[in-house]
Amino acid sequence: MSLTAPLHGVVPPVCTPLDARGEVDTASLTRLVGHLVDGGVHGLFALGSTSEAVYLTDAQRALALETVVTATAGRVPVLAGVIDTTTPRVVQHARIARELGADALVATAPFYTRTHPKEIAGHFRRLRADVDLPLFAYDIPVAVHAKLSAALVRELAEDGTLAGLKDSSGDEGGLRRLVVELGGREGRARGPVPHFSVLTGSELTVDAALLAGADGVVPGLGNVDPAGYVRLYDAARAGDWMLAAREQERLIELFAMVDAGPEHEMGRSSSALGSFKEALRLLGVVDHGATVFPQLPLSAGSVAFVAERLRGAGLPPVR
Amino acid sequence: MSLTAPLHGVVPPVCTPLDARGEVDTASLTRLVGHLVDGGVHGLFALGSTSEAVYLTDAQRALALETVVTATAGRVPVLAGVIDTTTPRVVQHARIARELGADALVATAPFYTRTHPKEIAGHFRRLRADVDLPLFAYDIPVAVHAKLSAALVRELAEDGTLAGLKDSSGDEGGLRRLVVELGGREGRARGPVPHFSVLTGSELTVDAALLAGADGVVPGLGNVDPAGYVRLYDAARAGDWMLAAREQERLIELFAMVDAGPEHEMGRSSSALGSFKEALRLLGVVDHGATVFPQLPLSAGSVAFVAERLRGAGLPPVR
Amino acid sequence: MSLTAPLHGVVPPVCTPLDARGEVDTASLTRLVGHLVDGGVHGLFALGSTSEAVYLTDAQRALALETVVTATAGRVPVLAGVIDTTTPRVVQHARIARELGADALVATAPFYTRTHPKEIAGHFRRLRADVDLPLFAYDIPVAVHAKLSAALVRELAEDGTLAGLKDSSGDEGGLRRLVVELGGREGRARGPVPHFSVLTGSELTVDAALLAGADGVVPGLGNVDPAGYVRLYDAARAGDWMLAAREQERLIELFAMVDAGPEHEMGRSSSALGSFKEALRLLGVVDHGATVFPQLPLSAGSVAFVAERLRGAGLPPVR
Amino acid sequence: MSLTAPLHGVVPPVCTPLDARGEVDTASLTRLVGHLVDGGVHGLFALGSTSEAVYLTDAQRALALETVVTATAGRVPVLAGVIDTTTPRVVQHARIARELGADALVATAPFYTRTHPKEIAGHFRRLRADVDLPLFAYDIPVAVHAKLSAALVRELAEDGTLAGLKDSSGDEGGLRRLVVELGGREGRARGPVPHFSVLTGSELTVDAALLAGADGVVPGLGNVDPAGYVRLYDAARAGDWMLAAREQERLIELFAMVDAGPEHEMGRSSSALGSFKEALRLLGVVDHGATVFPQLPLSAGSVAFVAERLRGAGLPPVR
């Protein structure tokens, strides 16, 4: 399904379930895609940070993306992350993603190396020129240690390089300013870049982002409760902000599962991604809750904590 | 006016206007207090970061606070910042603030030195014990380079140390989680700490913070347009979120004045605080727009940029 | 003793011992000064970070400095830290330090606020102009969160603003480049700024800094073992680099005392400064080992760890 | 040449010269290897940060490594960087490096994701278990945004996981402490891990690191002047520390070439790596000075600056 209209709505970054040997579990992944599309989501983002893309080999990435594309069967657009250190490596991932049927690409700024804004601009422009798919910038300073400035995003929006932005910077004030500069909540269609999609990567401030004029959300927690995020999105679109806020609050309480793993015993990735995957297992969607090595597994106590959060949010475990 | 009810509404951090010799201009400051109270604000925060408190000598701090208290004349509560490196120095400022008639204190975590959360907790507890005024924690990692964790704030809220939080961390997701943990947007009165006030320090996300259940806002830009923030607050309280968002957007465009000073020529403090003070001068509220040394003054071109922002937001300069 | 020659040698930042009530213990401080001068040090730095200056009230700062000046009695120069957030506050401390007999001033860049290099340059120039004492820049990014660039230090050295640099940045490579730019290890006297003193603040790389051409060291650990640092300095000056390195290694093993307090239980300041002060107590120099609130005290086990380090370095406790 | 003895001496990270089409220039790379081995270096580090490994595709990485191994022909050991985000991807690079004839591996901590020290330890252990080659930890927080603690390095040294450390952390004090903990400058052979090699990645503090007991250096600038670093190493080994320091100072002046590209116009990688590669071109070693996209090329003025630095250090350009 090509991106004929600006991307909007709920676009979860799809978890990559593993089998007992630590390989991509295509049967579970297929079920997960079904769970998400049946939940009413508006798009899928494969090979993102939540998909553990940086933990997957190239072969595993290809298998995961292929599985998502096949299972989606064109019902919603599939965005593919092309996360790697610099342009030459990212372009290779982008070519493969295009061959495998992705509808759009999502790329970060270069990382590991220290790069100038002019070089970051060159990076996105080269990528857009070399691989003919709509391109979304992925602003995630916690991972790449560089923030995409509003000026840079505007420049790349206005010259047609970027189709949109996935903002995982946590800088809600900056996102708000960007939306206003792009024409504002109500005037976006008449703004300088009418078709530029702004998506927030925060699970916790979706109602606020939509009130601010964002087009949608890419919530990791949306793997666990896609229907909840869709209800939140629909309430906001209907102008029922109190309903949206109440749904957001329920999801915030559910989100507390990311603290399942004690901070002094494992990385934040192990804890957050492990909690999403264990929740999907408890809900019967996937077969195993394991994350990729060297992330540490959640303890039984941590899994019980996840189960409790599910119950509290009205999503009782089925196993 | 003592804080009998939980603090709420618009509580601007009051700028400290200077005279031609660089001393506190009490006449201008008195006019500024009138401008704010007449604008409908619900409280005033003297000696905050926006007040340039860390640039003022102790004598200048005392004069500024005394002037604000006198000019306010009990119409709204006056909060006093007590910003200094560690507990012994902060306690001294707090005693003076109490003598000068402040209704509450606002204190940051210790800075310059590296401190453990247990030591930060001790800092707030000692301050609360030594000086009998309601105490607000001021979470401003960009200045003190430590973030107050939600767990620490909750602990200090539940044991009665803190009356509230001024959140200038920019972590809107974290603020949202804290509000939910404290009982949520609608259930705050029934939560574990019914009288704990949550105030955002962001000028840009006030509608979102109020939708999330915050009690109010401490906007530096509120010096320039107090009535605008009051309209935004009133719209939110009335449940008219689209009206609130439109007012917020107008204020975001006005806020762009903080970029008046080129980033490669002066500090962000010079630019932002200089733009607020020059705006107040252009509006006829204060006599001079200067900031305290070593901050650099805005150029004529930068002042013209500020004037343009004022006109764009419907606040035409009078000089 | 005025600074007629460029400052060089071992210049410990003098700890500020407290009595049982938490006030400056002038008798212990006087003994500490004797311990240091008898140990052969070449200068004293009062009211530095190691002196807990940011934890002391203005009255306590004055008492500590006065005590150090009196006890030193002109035998070595006394430098006074003037640590505060911005220029107006720092100038006040500098005037008091001058009145109390300090021979030179040591000032950091402004902190709490975000400042531009031009503003930092203005800060040092104003301070030098307002108070007629030799001025040392104190580069300590871990505390003030700004690094003084080599270009800025050179500019302020060449125009006579600065008499020297105390480098606590930990950037040994940068320090090395600066020394070369100033004329090199051997050519310093013929360089662009012949009388500019470069002092390292690192306890751990003194032999290396002297090999690189630094003039001296400001070691916190020098409170505990001044004679050790003097031996290290003398060996380096005599060109016996292996002897210097062996002395440095002994001091590195002694320095391990700073880890006395467990990292998850107290701040790094509590642990390091507490270990120095407890070591001085164990050696009979001061009466109490307490640090200023809200720093936490070392446990009995941590004090035993300090005692063990002393014994291992040939400095057996006397109590 | 297998690593039978602990690695020591000068081990430059080999630049990867490009041809006019931007592909690996194997002829130039072969000449560069000759230049280095003829200069007397003790080992070569291919596919490091200075080799632009994170800018090279897997095929380009393999070609570069193969070329270095072939050109070296066993005269010195060849270490291969295996830089990628997480363990599964790094293991793949390691297997290829082993097949291509590398004598040892150099791996960083995982990056992009946030990882716990236990996970970092697991990462190095899995890598050592899966690919049978001596393994060096590459501590480079500026790139991976995590510092390897001394405790972690010791643990992995003592259990045989690591054969050594390449320290590019810039924390010279920490490196010094580590060497002392491992048995000290003189007692290393009798220490807990007799065969653990400590190499500094700093071009600027090699004399200091050798005085501290480090075994060698991995200097990017060693591409340009391998013989200079060998002279510095030999002087230090002979105990002539003043000769070592003078050679170090000459190399520091040469190192100033890394500032060739103006900071506001290009990234630090473009400037530093571009200056090394242009210097190699000016010296007739390689055919082109280009860096990999999206790094920006040096201007003619910047290249002239590099040429001047070469002349000043006694290395006159031949073209």
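Note that the chains take the letters A, B, C and D in the order they are written out, and that residue 1 is the start of every chain.
Note that in this section a residue touches a chain if its C-beta (ideal position, glycine included) is under 8 Å from a C-beta of that chain, and two chains touch if they have at least 3 such contacts.
All figures in this text were calculated on a predicted structure; none of them were measured in a lab.
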item	value
Length of the shortest touching-chain route, chain B through to chain D	2
Most distant chain from chain D by Cα centroid	B
Centroid distance [mean C-alpha coordinates] between chain D and chain A, Å	36
Distance from chain C to chain A - Cα centre to Cα centre, in angstrom	49
Multi-chain contact sites of chain C, meaning residues that touch two or more partners	none
Chain C-facing residues of chain D, complex	170-173, 176-177, 180, 184-186, 202-205, 207-209, 211-213, 239, 241-242, 245-246, 248-249, 252-253, 255-256
Chain C partner contacts - residues on chain B that touch it in the complex	49, 54-57, 60, 83, 85-89, 92, 110-116, 118-120, 122-123, 126, 142-145, 265-270, 292-296
